[in-house]
Structures are given as C-alpha cells and as structure tokens.
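Below: a set of structures, written as structure tokens.
Below are two complexes that have chain A in common, paired first with chain B and then with chain C.
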Partner chain A sequence: MSDSILSVDDLRVSFKTDDGIVRAVRGVSFDVRRGETIGLVGESGSGKSVTNLAVMGLIPKPPGTIDGGSAMYDGRDLLSMGDRELQSVRGKKIAMIFQDPMTALNPLMTVEQQMTEVTRMHMGLNKKEARLRAAEMLEMVGISSPAKRLRDYPHQFSGGMRQRVMIAMALSCEPDILIADEPTTALDVTIQAQILDLLADLQKRRGTSIILITHDLGVVAGVCHRVMVMYAGRVVEKSDVHPLFESPQHPYTIGLLESLPRIDQSKGGELQAIPGQPPDLAHIPDGCSFRPRCPFSIDKCVQQDPLLTEVGPDRLAACLVDVETAERKAVEVES
Partner chain B sequence: MSTQIQSDASANRTSDPPLLQVNDLRVYFPFSRGSLFRPEHGFIRAVDGLTFDIREGETLGLVGESGCGKSTTARAIINLVKPTSGQVILEGTDITGLNDRSMLPYRREVQMVFQDPFASLNPRMTVGSIIGEPIAVHGLAKGKDRKLEVIRLMELVGLNPRFLNRYPHEFSGGQRQRIGIARALAVQPKLILCDEPVSALDVSIQAQIINLLMDLQQRLGLSYLFIAHDLSVVRHIATRVGVMYLGRLVELGAAADLYRAPVHPYTEALLSAVPVPDPNAAAARERIVLSGEVPSPDKQYVGCAFADRCWLAEDRCRTEQPSLATKDHAGACWVRATD
Partner chain C sequence: MRDLLSYLTQRFFWMLLTLWVVYTFSFILMRSVPGNPFSSERNVPPAIERQLEARYNLDAPPLTQYIDYLVGIVTRFDLGWCIRLEDYSVNQVLAEGLPVSASLAIFAMVFAIILGVSTGVVSAVYRGTYADIGMRTAAVLGIAIPNFVLAGLAILLFVFGIKIFPAGGWGTLRQVALPALCLGAPIAAYIARLTRTGMLEVLTKDHVRTAFAKGLPKRTVIMKHVLPGAMLPVVSYLGPATARVLTGSLVLEQIFALPGLGSHFIHAALQRDYTLATGMVLTYTVILFVMNTLVDISYSIIDPRVKLQ
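Let's look at the complex of A and B:
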C-alpha cells in the first residue's frame, strides 16, 4: 500500500436528532491510491457523502460528532487537525465538487472572483497571475473564450458548463485528490458523458486521484478502477471494478445489480427488486443490517454483525454466507 | 402479397380508434426580455407540433433531455397548461382547452402520477383522505363505502391499510409514490400520465415501483404515458417510445426496434451515452459524445433543430424541416429516413 495517499481507518460519525442518535458512518476504512478512481456506491442514507464530508472536516458539529477513526494524509490525521491547518489541505490538496453546481457557486460573484480567490489564497498568486491561471483552467475544461467567460456570473452558464467551472476551480491548485460527490446526477445523459470524459482525461494528464460518490452503477462501471459498496453506514463490499460486476459477493450488491433495468439488453418480465427498505439509522437492527431484506440470510445473521473479510485477492465482503453456494429464499417484508 | 397483408393489418388497427390522439399539439410560452426601451418579445416553443396516439393497454414512453417539452406535453394533455394550438382527442372526443367544469368527467379517465412524492402529497392530509379525495370529488362513493374503497386501493398498491390515518411524512419515498399511484387509481382511470415516477427513488426501490406499475397495467388494463429521462427504465416498461428534442418528436417506434436500430442520430447519441452497469460492455460500447448542449427553445428553426450538433448534417438539413412519417418506426431525419 505504499502508493496510497489517503488512508481512512475505522471512521465513525453520528448525528444527534430528535429521533435519537443516527449512526451515519459505522466504521469505514479505505485507501485511496495515487492516480486511481475509487467509486463509493450506495443509496441515500448509506453514509457515502458523510464519509467524505468527515474527511474534509465539513461535518457540522453539533449535531454531528466524529466518534472515532482516522484519515491519514501526508503523515497527518485530517480528523484531528485544527481549522487553520485543515485550511491548508482543503481546497489545495484535497478538493471537492458537488452534485448541484448552482448551489455550490456563489450567485453574486463572477466566476473570476470565485476562481481567483482559491489560487490567491493557496498558491499566493497576485491578481493578474490568478486571472491568467483561471482562464487557463477554464480552457482546459473545455469552455470557449475563457477570458470573456470569466466575467460572467454562474447563472449565465448552463448546468453542464457550471459543472465544468466547478471542476476547473477544484483543480486549479493541482490537488492530489478530487472528491466528486454525484457530479453528474443533475445533468442530462449526453452532458454526463461529456463530464465523465473530461474527468477521465484530466486524471490521465495530471494523475489526480478521484473519489467518485454515486448511486449509478453504470457510471461506476464506466470510470472507476475500484469500488466500495456502502449500506447503512458500512462498507459491505470492496473490490476491483471487473470482479465486482462479474461476481458480486455481497447479497446487497447482487440485489442492486439485479434490480437494474439495462439499456443494452431486454430483460422482460418483472425486475428483481430488493424487498423492503434500508433501516432507520437511529434504530439499526442487531446482527447484519441487510438481513431483513436478504434472500440468503441464515440464523447466524441475526446475532452476528459480519465484518469485512477477504473473499479473494484484493476483495472484501461483509457477509457470513457464501453467496455462490447458498440457496435463496423468499423474503417477507412489510412495505 | 405480403404488402397486401400488411396494409390489411394496419387498416384493421386504424378502425379501432386509439384511446388518446394528440394532433399537432403546440404549447408556446410568451416571454419579454431586454431593457424597458429595447424590449424583445418572443415565444418559448416548449411543445412544437406533436402528433402521436396512445392505444389501449399500451405504455408509450416519452424520453428526452431536460427542457425538451416532455412534461409540458403531459400537462397540456390534461389541460394543466393550455395548448396554444392542436388537438387532444380522448376516445373520440376533442377535449382541447375545455374549461375546468366541462373537463371534470374527462379527468376521471386520465390521471397523473408525479415525480416528487414529497411535493405532490398534501402534508396536512392523512393517507386515507388523500386517496379518498378524488372519490369524493367525482361522487363515486360515500361514508363507509368510501373508506372500504380506500382500503382496497391501499392493498392494491401494496400499502398496509393500518396506515390509513398516517401522514405523508411518516412514509418513505417509495411508499409515498405508492400513495400517489393509489390516488390516481381512485377514479378508475383508463390512462395514467406518469411524469418521472421513479427518478426520485433509490435504485432498489425504483424496481419495486416499476414492477407495481406493470402489474397494475396487466390487472386493470391501464394505458400509460411514461415520461422519463432514464432510457434503461423506459426500455423495460414501454411498448412504444417517442424521443423528443426541442419540443418535437424526432423518432417514434416500438421499443424493441427503436433501441435495437435507432433511426435518428439524436436517438443514437442519446442511447450510446447511457452508462451500462458492466465494465466490459461499457468498454466495448461505442459512445457518441455530442458536442455542445441543447439550444434554447426560444428561436424558430428553419431546418432540423438538431442539425448544428449532428455529424451527418447536410445542406438540406439546415434549410428544410424534416417531418415524422406515419409508419410504425419513423425518424424525422433527411439523411437517415429513406423513404
């Protein structure tokens, strides 16, 4: 693991709510290697965004608390850094782009003001240098007449163009890691294709590592090298991208892949839906949190909460059952 | 000989009038912009001459990117926005632009299911009263009968009738969409317009709702207009599919044909851009990445609206507008459509 540049270990995050304590992230560990794209897949509430917000020091406290774990970057633990120290990493070494570029950009500032703010602060550029740098970055992400567009406000850009501006801004300090939280979810498919191509191309040229958070397994299959599947605040499966899709090892991953209609083949008939719904994170059942929805579950799953264990070379899954030999049974869940 | 049989078959089909016919539907929204002294007036051509029909028991999928007019089309069909011109004919009756009172009986025939199950349910009403309201409005049942009917509907969509007196916020997204579907079914409609009914839902829940819609269609003989931007979902659920670009249909055909052999270059590009959940297939697929973005619908195109982004465009595409032929699978394209 010498080429890993970020190492998250046993991260735990919870939030205090009226319903009780919501355990959003319950012991997540992973490494990010240099130049790779690692995908974080899961449904709403699985903890994929909270994991990354915690790494960036962006969890609002209160109501949130980091209950444990570490995130080692460059020999230092991001989770125990003070605000000032974190400022020197956030935006400079680790940058983030969000799902909705309209709310992530300041509507009252021109693109130039927003883009130069980062480079002047982190790279110590003067006004003129920063402007040149901003124009250069806009050109790199494929925005035509960049010098002119710098004077525009975010609303003068379309959705896809705004996401390009966000990417340009995030990459302008040449970060080691780019965290992309559902970067194409708000975009149309043809624009999504453009943005994913752009990210892959920039990665190839600059060697940036990308953490891609998404619910779309199609996007994962297209651009990620490795994948982590999250469910109810845990990583349930971790694998290289090819084996994950060829022979998923966790029943939840199997369920997700089977429930998807596909554009390239006609499945016909009923889709294999996963019955029921994800657990309430304030009241997580004992044992395996996927058990109530799982067609493979056995008696042991009720008491024992499975840990991530090796199921193949560089492959981990958190399941007590061997899904390749186990039999499926019908699941009764009340909806 | 074979052509004889074919024309007989198509004659047979036309003699059986479709459930819904939409003829040359247009919805224009006027706008003014510019300064006080140099005002600029014009129209957003949200829907610009749509013609299609929906047959009994089928699902017509309507796909296209944001702003292509697919939602406006659904709203114009049930008169939530007034069509600028064109006709909407339901079972042989022209219902275009009827006022609310005369529209009421037709609202029973055509219902709508919306995308956002959070915004489309009144948070102050219980599930029982949400589903019971259309029954009351249309005077279909009263008192105990109404309650029994609500319970029947809840069971039909897979909701536990014990939750009759709960409020929408107590339900998950998928359950809320079931409530929306039960409300639409309450007046026993023939046609349901589904506007992105699963796009706000998580993947595992999405499949449950798609299965429910398909199951209800079989049991109740419903027809759907299924609007979605997710082309994989549409392939699964639709009998026929229409592809929209800038307020027009650029292609219309049986789902299997359209996905296997798209005629219009826009359809081809759109299909190729959809990610597939299989890394080998993803690497093998040839993707057409379109340059630029969908242009603004505020100007009138002389030729084909897609010509500026099309890699096949010829001179003719910029001067003459291609139209959609009336055959089983047709694309509005000068280059691709052969006859």
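Let's look at the complex of A and C:
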C-alpha cells in the first residue's frame, strides 16, 4: 500500500516466565495508513498492547524478546534500530498515550517540566519557546488558562484533564502516528466521549494517524476507519469498520458483538458472554486457538491452525468455517 | 513559603514541649536512682559532702532543684557546672565537643548518602549482574557488621597495614576520614538497599514508561524520572540515620580517641553527673528534632503531594 506510513509484518514477541515461554504476539501484520484511525480490539491478554509496545521498542528485555518480524517506518525497521535512533522516533514521530492518566504522568514534576522536556529535546526549543508551545498545546486540547495550569502538578488535575495533558504532550512534536492504548478505559463515560471527540478532531486538523487500542467495540464504531480483532496474540479479523459490524466473519468477532449490551434488546434479556477463558499463552493448544470457545467449530479446527485469508474486498479473517452458513452449537467449556 | 513559616513555628513549639518532657523525665530518672554523684567507695567526709551539695544546689528540695535548673536553662541558656568535671561548665563541654561530634556526623552522613545512593542506583539499573550481586552482598555485610568491629578491622588494615591513616586524634581531614567512614558504612549500606528497592519500584511505574515513550534517553529517565521518587524512602530514613550516627559516634569516638561528646555522654551517665547528662540529652534532642524537621521539609520539596502541617 503506497499510502501506508507504518507497516508491521509478522511481528512475534514472547516473554520468559516461570510458567514457560509466553508467546504474547504470534505473527501480527498490519499497515497504518496516513490520516486514518485503526482500531485494535480484543480481550485483555490478546496482545494488543504488547504489539504496540514492541513497535515503540518499549518491551522490557528481559523477560521479553522480539522473536521476529519487522516494523517499517519511513524506510527503516523500528525493531532493529539502536537506542539512539529509536529515541529520535519515539515521542517525535510516533507518540503514545496510555490507559491510566492517573499514573502515566510523573507525580513529582510539574506539567510544564514534563511537556517541555519533549519539545526541547526533539524540536530543539529553548525554555521559553517550549513553555509557549506547551501552553499552546494545552489550549488546543481544551484546558483553560493554560499558562497558569502549566505550573500545576498532575494531582491537581482531574482524570479527564490529565488525559488531555497526555494528549497535548504526545502531540506537541506533531507526530505522524499516535498510539492510544485504551485512552478512555479509566475515565467516566461522559469524559470518554470528550476525549474521543478530541482525538477525532485533532486528527482531522493535523492528519495524524491513530492506532487505537481498546476492548470497547462501541469506541471502535464511533471513531475508527478500520478494525483489527486480536485473539491470543494473533489478528483474527481485519476489516473496514462498517462491514465488520454488519457481517462479522470470525466467530470471536461475532461473540464480541453479541456481548455488547443493546438498548433494543428485550428487557430482562441476558447478555451473551463468550464462554470460557482466553488460552494460556504459555501452552497454546494445537489447531485454532479459539476452538475451545467457538460455537461453530468443526473437526478440522482441531488439527489445522487457520491463517488470515481474504474473505471479501479488503477483508481478512482467520477461520476455517463459513460462519454465515455454519450451524451453531452449544459450547462446553472444560475447566 | 507561608506554609513553611507556619510549619516551622509549629515545629519550634513542639520542640520546646518535647525538650521540657525530656528534661522532666531525665530529671526524675536520674534522681530516682539511689545515691548521688558523690557517693562512691571512698566516703567523703560529711562536711565536705554538704559543701559539695550546696555548691551544686543538690541540698535543695527536688522540686526547687527542678525549677531552679529549668529557669537557668530557659533564661540564660545556662546548663550549669559539670558535677564531675571540675571547673567546666556544661556549656563549655558542649562548645568543645559538639563541633567535633557534629563534623564527624556530617562527614559520615555525607559519605553514607553519596556512597549509598550511587551504589543503589547502579545496583538497580544493572540488576541481576555481578556488579549488583557484589554490591548487595557488601550492603548486607555493611548492615550486619557493627561499626566497632568495622573500626577495629579498619584500624588493622589502614593504620597498621597500609599505613595511610593515623590511628586517632583530631584536627586534620585524614584524622576524621577513617572514623567517618566506619561510622557511615552501615548507614551507606542501608541507604544503598533503600535506593535499590525504591529505584526498582519506580522503574515499573507507568510514568517511567511514558518517559521512555517520549524518547528521552535512558540516563535522563533514570536521573529525572526515577531517582527523585526513589529518594523518598531514603529521605525518610535520614531521621533515624542521624540517631544512629549519634549513638554510633559514642563508640567510635572512644576507639579513635576523638575529643567529641561521646565520652562525656557515657561518663555523665556512669558517674551520675546530673547537669552534664541533662545537657547531653537536651542537645541530642534538639539535633534529632531539627534533623527530622529538615527531613519533612525535603520530603515535601520532592513530593508536591505532601503538605507540611
């Protein structure tokens, strides 16, 4: 794809634990296009965050190791870069915001100190310019009297405001890509909407690509252009956002969509949960990793590990069964 | 700034209250032991004993003694004459000994902080390496070995062995170095452990990941984002550390023959020198109180979430 700005290919990451080798990411490939928002969806432990931390070179080693793959940005592979080179990309070209704005900011430094250290390093601004820049960024993310608030410490901001500070800090060097790792999970629902609107608005104005990691399909429907569904360290379905919600192709996606509460559901109707637990990534079963929880599974799923294959225009899914015609059966979960 | 001022005022009044309590307790404790400063194996003739008691106001009723002495301290900062050190006032003893003890303590603390923090940081950053294991072993030894044993070993090694330090005396930097190192070593070991634990804890914090994600070099992240947080437990420990240095110096001053307060402290207690013992106890109370106040203030400077009150 010519307009892709970051392309990750066959990324594999594992962690050494007492329990054996945990293969957290098992061959993930995707492209991020200029100016789009791509959603990364999945349960906890599906490898969404690890994928992005690996791209940023933030996997703690040890216990983590990158076992293979590449992440091409601007003609260079982020995975094989040295520290120096990587530092010039991090925060400047690819920035990141995190789930919990309560802990992601340094409690012992003022917002100004934290915001200016990025611009001073990456953009070579002096102290005064950096302060102006920081105030400008705070204003852009909707924080009133920014010059005054710069002198405050993170604990003097509310959760939503701290996430705005994080966003302002992340965008202050005008990065090409913003990785947002569950940016709204820790926030109140009303604040969630504000933050998502803010991200969408900033993207429109600056053309930043956003990788949005979330487990909330509602968020995906609201702001993403494309979606990747991850399960047990793999991408199981990749599609534009509308087709995914209209006709999900992978049983796991179907399960996720069915587990969403709906206003039009009959009262007292129970929420459909996906039975069972995600597999232990240290001991992944043979065949399809979703099979133990899958209502559509057939005999073939035991032996064959499905690959991501084209199931429609610009749509990929990793399933051996044609879910639209297959018969659904009750799943018995072995515990 | 106003917070600080009102805090200091408040602390000052607390200190006065504490001093009064300490004074009262030591007064009662010393008087409740049978005998007096002049009772010894060789009996003094009664006439002389009466003379002596009159000279030190010991013939007055206890309450009068308590009040007279307190009034002297409060109005004139006069801690009285030493009972057993003839022709010395307690103030003179303090004026001579305190600078020695204080410089020894300051040298020891500075040495302990510099050595402890730097090894702690290195140990945490290179955790699991041989350097880390070596430093941790040294720290455990440093905590376990009492400083008088360390002092003995140090004298054997550096005074009689490689002969780079004098065995005792006071006045030059070389004379203060060895006792200060021995006094500071256990503290350094403890600080190293606190620093290492603190560093490792802060290293796992989300905001450190944020700092790395911003593209800051590792050195900057460690020095600016990890170290200050890791220093909080170390700063809290400086209060108790001062107490340890003060008690430790009682022993080390003996070993290295330093003219500090340590020997006076011990002799005052053993010889029932009421005035000198009171003076010592009050002085040490003030030192500890001031140190703890400094600790609280530095804590609030490092961590803005902590309010002085």
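Some observations on this one:
One rule holds in what follows: the second predicted complex is superposed on the first by the 327 of 335 C-alpha atoms of A that agree within 3 Å, B and C clash if a C-alpha of one lies under 4 Å from a C-alpha of the other, contacts with A are read in each partner's own complex, and residues count from 1 in each chain.
The working rule: a contact is a pair of C-beta atoms (placed from the backbone, for glycine too) under 8 Å apart; a residue touches a chain by one contact, two chains touch by 3 or more.
From a predicted model like this one, the values you see are computed outputs, not experimental measurements.
Superposition of the two structures on chain A leaves chain B and chain C fitting side by side, clash-free.
Once the two complexes are laid over each other on the shared chain, residue contacts for A:92 go to chain C alone; chain B is not touched. When the two complexes are overlaid on their common chain A, residue A:169 makes contact with chain C while staying clear of chain B. Of the two partner chains placed by the overlay, only chain C lies in contact with A:121; chain B stays clear of it.
After overlaying the two complexes on the shared chain, residue contacts for A:219 are found with chain B alone; chain C is out of touch. Once chain A of one complex is fitted onto chain A of the other, the partner contacts of A:106 are limited to chain C, with no touch recorded for chain B.
Set against each other, chain B and chain C differ in how many residues of chain A they touch, and the higher count belongs to B.
By the touch criterion defined above, A:75 reaches neither chain B nor chain C.
In the superposed model, A:313 lies in contact with neither chain B nor chain C.
Of all Cα pairs spanning chain B and chain C in the superposition, the closest are 6 Å apart. Taken together, the chain B residues at the contact with chain A in this complex read 65-66, 158-160, 172, 174-175, 178, 202-208, 210-211, 214-215, 229, 231-233, 235-237, 256, 259, 269-271, 273-282, 285, 287, 289-290, 293-294. Looking at the complex, you find that chain A touches chain B at residues 43-44, 158-161, 188-194, 196-197, 215-222, 241-242, 245, 255-257, 259-264, 266-267, 270-275, 277-278, 334-335. Touching chain C in their complex are the following residues of chain A: 56, 58, 83, 86-92, 95-96, 98, 100, 103-109, 117-118, 121-122, 153, 155, 166, 169.
Across the complex, chain C meets chain A through its residues 205-207, 209-218, 220, 224-225, 228-229, 302-305.
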